[in-house]
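Letters A, B, C, D, E, F, G and H mark the chains in the order given here, with residues in each chain numbered from 1 onward.
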Amino acid sequence: MTPGEIRALIEGVRAGAVAADEAERTLLGALRQQPFEDLGFAKVDHHRAIRQGFPEVILGLGKTPAQIAEIAVRIAGREAPLLVTRASREAFDAVQARLADVEYHELARAIVLRRPLPRASGTIVVASAGTSDLPVAEEAAITADLMGNDVTRVYDVGVAGIHRVLAQRATLEAARVIVVVAGMEGALPSVVAGMVNVPVIAVPTSVGYGASFGGIAALLGMLNSCANGVAVVNIDNGFGAGCMASLINHA
Amino acid sequence: MTPGEIRALIEGVRAGAVAADEAERTLLGALRQQPFEDLGFAKVDHHRAIRQGFPEVILGLGKTPAQIAEIAVRIAGREAPLLVTRASREAFDAVQARLADVEYHELARAIVLRRPLPRASGTIVVASAGTSDLPVAEEAAITADLMGNDVTRVYDVGVAGIHRVLAQRATLEAARVIVVVAGMEGALPSVVAGMVNVPVIAVPTSVGYGASFGGIAALLGMLNSCANGVAVVNIDNGFGAGCMASLINHA
Amino acid sequence: MTPGEIRALIEGVRAGAVAADEAERTLLGALRQQPFEDLGFAKVDHHRAIRQGFPEVILGLGKTPAQIAEIAVRIAGREAPLLVTRASREAFDAVQARLADVEYHELARAIVLRRPLPRASGTIVVASAGTSDLPVAEEAAITADLMGNDVTRVYDVGVAGIHRVLAQRATLEAARVIVVVAGMEGALPSVVAGMVNVPVIAVPTSVGYGASFGGIAALLGMLNSCANGVAVVNIDNGFGAGCMASLINHA
Amino acid sequence: MTPGEIRALIEGVRAGAVAADEAERTLLGALRQQPFEDLGFAKVDHHRAIRQGFPEVILGLGKTPAQIAEIAVRIAGREAPLLVTRASREAFDAVQARLADVEYHELARAIVLRRPLPRASGTIVVASAGTSDLPVAEEAAITADLMGNDVTRVYDVGVAGIHRVLAQRATLEAARVIVVVAGMEGALPSVVAGMVNVPVIAVPTSVGYGASFGGIAALLGMLNSCANGVAVVNIDNGFGAGCMASLINHA
Amino acid sequence: MTPGEIRALIEGVRAGAVAADEAERTLLGALRQQPFEDLGFAKVDHHRAIRQGFPEVILGLGKTPAQIAEIAVRIAGREAPLLVTRASREAFDAVQARLADVEYHELARAIVLRRPLPRASGTIVVASAGTSDLPVAEEAAITADLMGNDVTRVYDVGVAGIHRVLAQRATLEAARVIVVVAGMEGALPSVVAGMVNVPVIAVPTSVGYGASFGGIAALLGMLNSCANGVAVVNIDNGFGAGCMASLINHA
Amino acid sequence: MTPGEIRALIEGVRAGAVAADEAERTLLGALRQQPFEDLGFAKVDHHRAIRQGFPEVILGLGKTPAQIAEIAVRIAGREAPLLVTRASREAFDAVQARLADVEYHELARAIVLRRPLPRASGTIVVASAGTSDLPVAEEAAITADLMGNDVTRVYDVGVAGIHRVLAQRATLEAARVIVVVAGMEGALPSVVAGMVNVPVIAVPTSVGYGASFGGIAALLGMLNSCANGVAVVNIDNGFGAGCMASLINHA
Amino acid sequence: MTPGEIRALIEGVRAGAVAADEAERTLLGALRQQPFEDLGFAKVDHHRAIRQGFPEVILGLGKTPAQIAEIAVRIAGREAPLLVTRASREAFDAVQARLADVEYHELARAIVLRRPLPRASGTIVVASAGTSDLPVAEEAAITADLMGNDVTRVYDVGVAGIHRVLAQRATLEAARVIVVVAGMEGALPSVVAGMVNVPVIAVPTSVGYGASFGGIAALLGMLNSCANGVAVVNIDNGFGAGCMASLINHA
Amino acid sequence: MTPGEIRALIEGVRAGAVAADEAERTLLGALRQQPFEDLGFAKVDHHRAIRQGFPEVILGLGKTPAQIAEIAVRIAGREAPLLVTRASREAFDAVQARLADVEYHELARAIVLRRPLPRASGTIVVASAGTSDLPVAEEAAITADLMGNDVTRVYDVGVAGIHRVLAQRATLEAARVIVVVAGMEGALPSVVAGMVNVPVIAVPTSVGYGASFGGIAALLGMLNSCANGVAVVNIDNGFGAGCMASLINHA
């Protein structure tokens, strides 16, 4: 049972639409289900939807297409939305063979199965510094969208042409939370956080070469931001940023 | 002028309590003030209070007591609250000589001058893993408090005795945002984020020795958290975490 | 001669089942054998079975299938069990062409030839944090099994859903030694070591991306564990952990 | 209550020496005690003695003498042995003012209060490579001794004069577990583990200069040991090694 | 002889003001002087003034006050200007005892002896991000000034309040070369270089804490600048930046 | 409009060749154009040609051939020169299909479309240490050439045969700025900067193996140069060095 | 001319076998040759054979087969021996097409053309720790052999079975210089240097995984060797070690 | 007994100056002495003088003055020369109180007791790049001198003024082995090794700041030297270089 279903049930009882006995049976049935389902190679954490309002998300990296499909079927079987990140096309094919309605977002390398969720009232802006940062930015945007948020994309506004980001001031100020994605020197979050009064989730990317060291330069830049209101997630972790932004927007 | 003062003025005009002419004069006067005040060695950013709802915060590290006192006087002169982080007792003495009402928080190494600010409705929990993490945790707590938030402290609940943090489940679930401070392996944010459904701001500390490398171990642990809803600030950056939490709580 | 054979011989003498002359001849013959066999490109350390109770284990990494097969034949020729780690299928084919009874464990990338060995009385638990950690966990489990230990597998119990590992308390407490395998932030060993009173061998894995830096994050996390009774082996070194656990269990 | 006390009580009941009522009262009283004691700045984990057979050990680093003394008094008050590591003489003075019987081991920087504990039957050897490694080696030896183990010290047997360690073969072979402490290139654990058939706990030290990088060279050397049966603890973590060795010896 | 003196001599010959014989004698005398003067512990490179238009600059770090004074006297004895960087007050006292006219710049830790040099026509702007960056910025400014350049200082214009640097557009565009000094995330050079069409010399500083790693974060940020026309010098190397800017301005 | 076109228009007005009305219309039209062109995945910064005298340069790395071609067409459509760095042959084919006149420099991996630009009077020398450094050196040389500079190449003059670089003294002294490209220990910039009195732009390359760490050794060597007048760009960043040298030469 | 040819000529003059005029002509002719030959992409350093007794050695890494062949032909054309390291089979084919007598050492990845050189009287021992270290060890052995040294190979004598290297004491003591090749923890040079009284050249290899970090662990171990008489070359640099050993042996 | 004494005895027997009986007694007596002397905290390796021709050298770092004095007395008691490196003045005072003849070299931080040793015929040149490198260079020179070598010092010849080292060509060519000491970019060994045909021992120093990272920049530069015949010792390890040079010179 999702928190929404639980709430609906309780409201139903209060409103007299659901009998107390029936509510009790439904709730007991839900509690009797194991908090995780053991597939041998994985313990699918169904309890997470209760604790956290969204089911377990599958990190595709390091799992076989068959493993991904097996876990995906269990999650989707509980009427929960499905998100697989870092998913290859092979993984998508394996999942689609068993869950016909899934979509594949090639740029973001994400497999998605949409299910209705309560939507938050605020807007999440996802901003990115360069064209090469798009896969990570899209992963963040798709995650936030799937978790029930309105998302505005502001792409290719890196600091080397500062007028591009200054031109977006109105859009940025209208956000409740901003995800800023940047590689190379990773300076965009500092500039954005200095312009607005909302939390900024900074995502360093591995875009760059040489002394970017696979995203370390951007990561360190963001951790040392001289602006207030910046927190950082792992290199290339668009999912984590989208998820964090959604939690803030739903708070 | 703070956003609150601007809002009050506009409300006053709408309510007929303030004449249009007077409101215009007041607003023009505020706009005529330079957005920053040039002290030669520093440009005090008075505009920040308008952009971000809180004036510039002084990082004491690397500044002389005289420099800190000079900047502090300018900020306090605008009726804004004052916060100096990483402040030595010498810096406090220099500030107190010119601003009698300031307080010094020894454990957090913070100089504070309180001014009334709108308070947010949610609660911020500041949790820490060990006793040695207290200075950083206190910096976060004092920052959040000063910025207008209710703060609950949950200290010394490291993962080596997992029952200690499990015993705090109710307190954690009641928070709108949680700051988790930990050194050594920095595992506490993962555990906390797995227990609740609110954003977690993780603060690695330099507590530890050997392969903790001044906080790198904890920093990397937090960036790689397998739990959803964790974002990270710089090592020992209690202020940054408190500020980020306040932004989320006020969103 | 293995320690077991030596012990059997001495017991035989004491019991009168083996003549003193025969025993002397057997022992002298064994001592006359060179402590290592020189293949030109390798010196096979047959003495290790005497010193350490288990023959040399072949690290497949960086050796050609032909080299692996040649060394394997020499080891198996002394009636010793055989273990090749990090072995490709090509290496397995080359070994199987000369030693028909060998098995290949694909997930663990291990070639195994079983021979009877004295079994220890305690149980080794191998726990892992995520599905992607399985190859390393299986390498540990197969090593421990081959070296004469009972092994219990507890997989996919990462700290982001802390109830999964708490549910295994009884299994963990029943172990004489626990191997804990985890990538990303590597927090599981701290939690497990805090729950039980037995030695924990922690194995960081290279599972993760970005700031996991190929397992450095997990390695540092484990080295800095705030829990007592944790020691660490190299990244992805399932073999080393299984071997260490076996030594502890046989102590 | 320690596990020993619980066992004694149960034996007493079985033997008729303790009345069932009295046993019940005693056990209930123990269970009613909180699993940790909250000092505000610390939560003393009294439950650890039950879970792990030894009470919480205080890491002196980063705590004030007053904090250390306060925690020490609570631990000693439960009749448990006391160990404070990385303790300055100032910390010792503060503890001794409240607990007269404590000893200070200057070389190991350890504060110790002895209490009778069940002793294990095997011997722990603590070996060190050079004279400068002694503080760490002594911390390991004192920890193991306090936790109820017989300890043999084998000091200054570094690999540059290999005959020194070869001369200790008999002592090494007689151990149930060996702690090997070394700085600089950290090669001693590999040599020792190749000589014997018991688990080796390797402790890198920060002894060295230049490219030893505060113990990183030794740490990496030990993690990459080509010998079987080596596991590693943090740089300079003599306590951790002694504790791990004790767990193995008591297994 | 400095290049200026050589040019003057040649001009004098062409104009008939200097006899050919006298010019020859002067030039031969200069050439007969050794290209370096051997003090035993140092070889003072007098030839550098000919090759590079400015005499050897003394890096005070790691030299005793007596060594610095001895080298300073030799350089000043050739009528050349003198610059000692990273000089303590003790070093200044030792130099002043032998060269009365030297000045000490406390903030920049520089000892200076001024001598007339040809001045370049363009302007060098030295910009800095924060108040704590001033010592490095001043070292750059003093170096450039001493080498014959007009210098404009633009301090405390970090990117967190982007309006501060935007307000300096006219000053920046008027420069022939800009030195940008910044610690923490080091983002200012990217923004400045994107605003103007002149070369930018970026100087990372060790200002910051935690993951600034003594200036590594700023250094990497600057090396990865997405803006064109940025080159970088060593962390805290104000002298190197001032010298490079002077070479560009004199080109 | 490029700065050259603007200048030409103004000259035309002054000379009477262009009517004031027409000039006004032309200028207004240019200003009405957006400072950047939004392609969705990219915002092409046409304003850069005005700010910086050269249009946006496309970093091929991490962009698809289709994206590169699309951006290239927009840039070339404004009569600006085109430069794509780190371009694969596939990218070249995609661009050539739409812009027939482009050239491909295989060694430098650069796509180039030449357009007349004002040429600077000085010469840029591009020197390299070894044959393997040529791709980076050529990227620098082609960039500088395209931006309107005369370029002299001095290749394979590494310091291990110091007579090779000494033999180039005259060429080096004749330059207005020198780009020095070197991998391995990266010592060439120090030697060159000690020989001449012009700015040196040092480019570390990833040429080398083992402890060259992908160019880190060369990068650190150059940042720590004991010679005056050296500034450094990112590893393998030939473009950045050529661009910086051009800015200096045009100053 | 090689030093040998020069010496022969002078001896011929002294012995009356060569006329003074002829000797002068020969020497002048040699001096008139350029010290390096310019191929455009490379400056072949023919002078090196005079300075260093051995011609330039070609590092195959990062050069095309055509470039390698072109340089090889120039070197061989001066009757000098030829050595190409890190050479692929494709490079060998390209060289062999133009120089029929070259050999290819597959394991060492070396192309060799032998020419008679004066041989040193001492012996060089090349020792290696494991089978996977052979390519590097062979590169060292072939280099030393080609440069005129007697080489003894002692392979697979790693420290985990210390009896293997102890068994080689006589061979090691008979050497004038020893090259020791080892990956993983790189402990073998310390043990060997402690056994003998001759210089040891240590070569770390990239053999290992995880925290070997591509040879860093072995490199650091060797740099921190507690034994006297150890110096280190780059990771996997068998050539450098062979060359250094040859210089010592010929001293 | 030193190797010299053994040789003398054998020569005496051959010459009839020593009776066979007496020689036997002397040799047996020497063999009966333990190969090391156990002081509890140290095992003084007297056997090293036999194996390596020079007694154990004491690294003062991390030892107390009392420990140093105790070990020094034992070494000196065997008529061997004494060398203590990294020795403070306090350590010297403690040693001098018990061994009146010792000298203290303040610059090199070395305690020395001279004893006659066979001297090698070749010369060792110790070259250094800058004045701040002198302490390390002197440690190398004093070590080599004490071990029986003629030493020539060539100081302050860094590559930024390349004419200084070129002026020393004759001195460098006359050496049998050269020690080159340099900090910052560490380029001097490459230049020197390219000029001569003798082995070069490179010593990186921690001289520098910022991105020199305590000598890492110089260390990496030297390990990646493009010149042949360079091997490297630890950062600041003047002793190791002097010792290695002595071994080469005595070979």
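In this text, a contact is a pair of C-beta atoms (placed from the backbone, for glycine too) under 8 Å apart; a residue touches a chain by one contact, two chains touch by 3 or more.
Note that this is a predicted model, so its numbers are computed, not measured.
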Chains touching both chain C and chain G: D
Most distant chain from chain E, judged by the mean position of its C-alpha atoms: C
Selected interface, A-F versus D-G, where C-beta contact pairs are more numerous: D-G
Chain centre separation in whole Å, for chain G relative to chain E (CA means): 44
Inter-chain centre distance, chain F versus chain H - centres from mean C-alpha coordinates, in Å: 50
Rounded Å distance, chain C centre to chain D centre (Cα mean): 26
Chain centre separation in whole Å, for chain H relative to chain A (CA means): 61
Per-residue overlap in chain H, given as positions that touch at least 2 other chains: 160-161, 194-195, 210-212, 216, 219, 223-224, 228, 234-235
Which pairs of chains touch, using the document's own definition: A-B, A-C, A-E, A-F, B-C, B-D, B-E, C-D, C-G, D-G, D-H, E-F, E-H, F-G, F-H, G-H
Contacting residues of chain F [partner chain H, same complex]: 129-130, 158-162, 166, 184-187, 190-191, 193-195, 208, 210-213, 216-218, 220-228
Chain G - residues contacting chain C, complex: 131-132, 134, 155-157, 160-161, 163-164, 207, 209-212
Complex contact set, residues of chain E against chain H: 35-36, 40-43, 45, 47-48, 59, 61-63, 67, 71, 86, 204, 206, 214-216, 219, 234-237
Residue ranges of chain F touching chain E (in the complex, touch as defined): 51-54, 57, 122, 176-177, 194-199, 201, 219, 223-224, 228-235, 240-241, 243-244, 247-249, 251
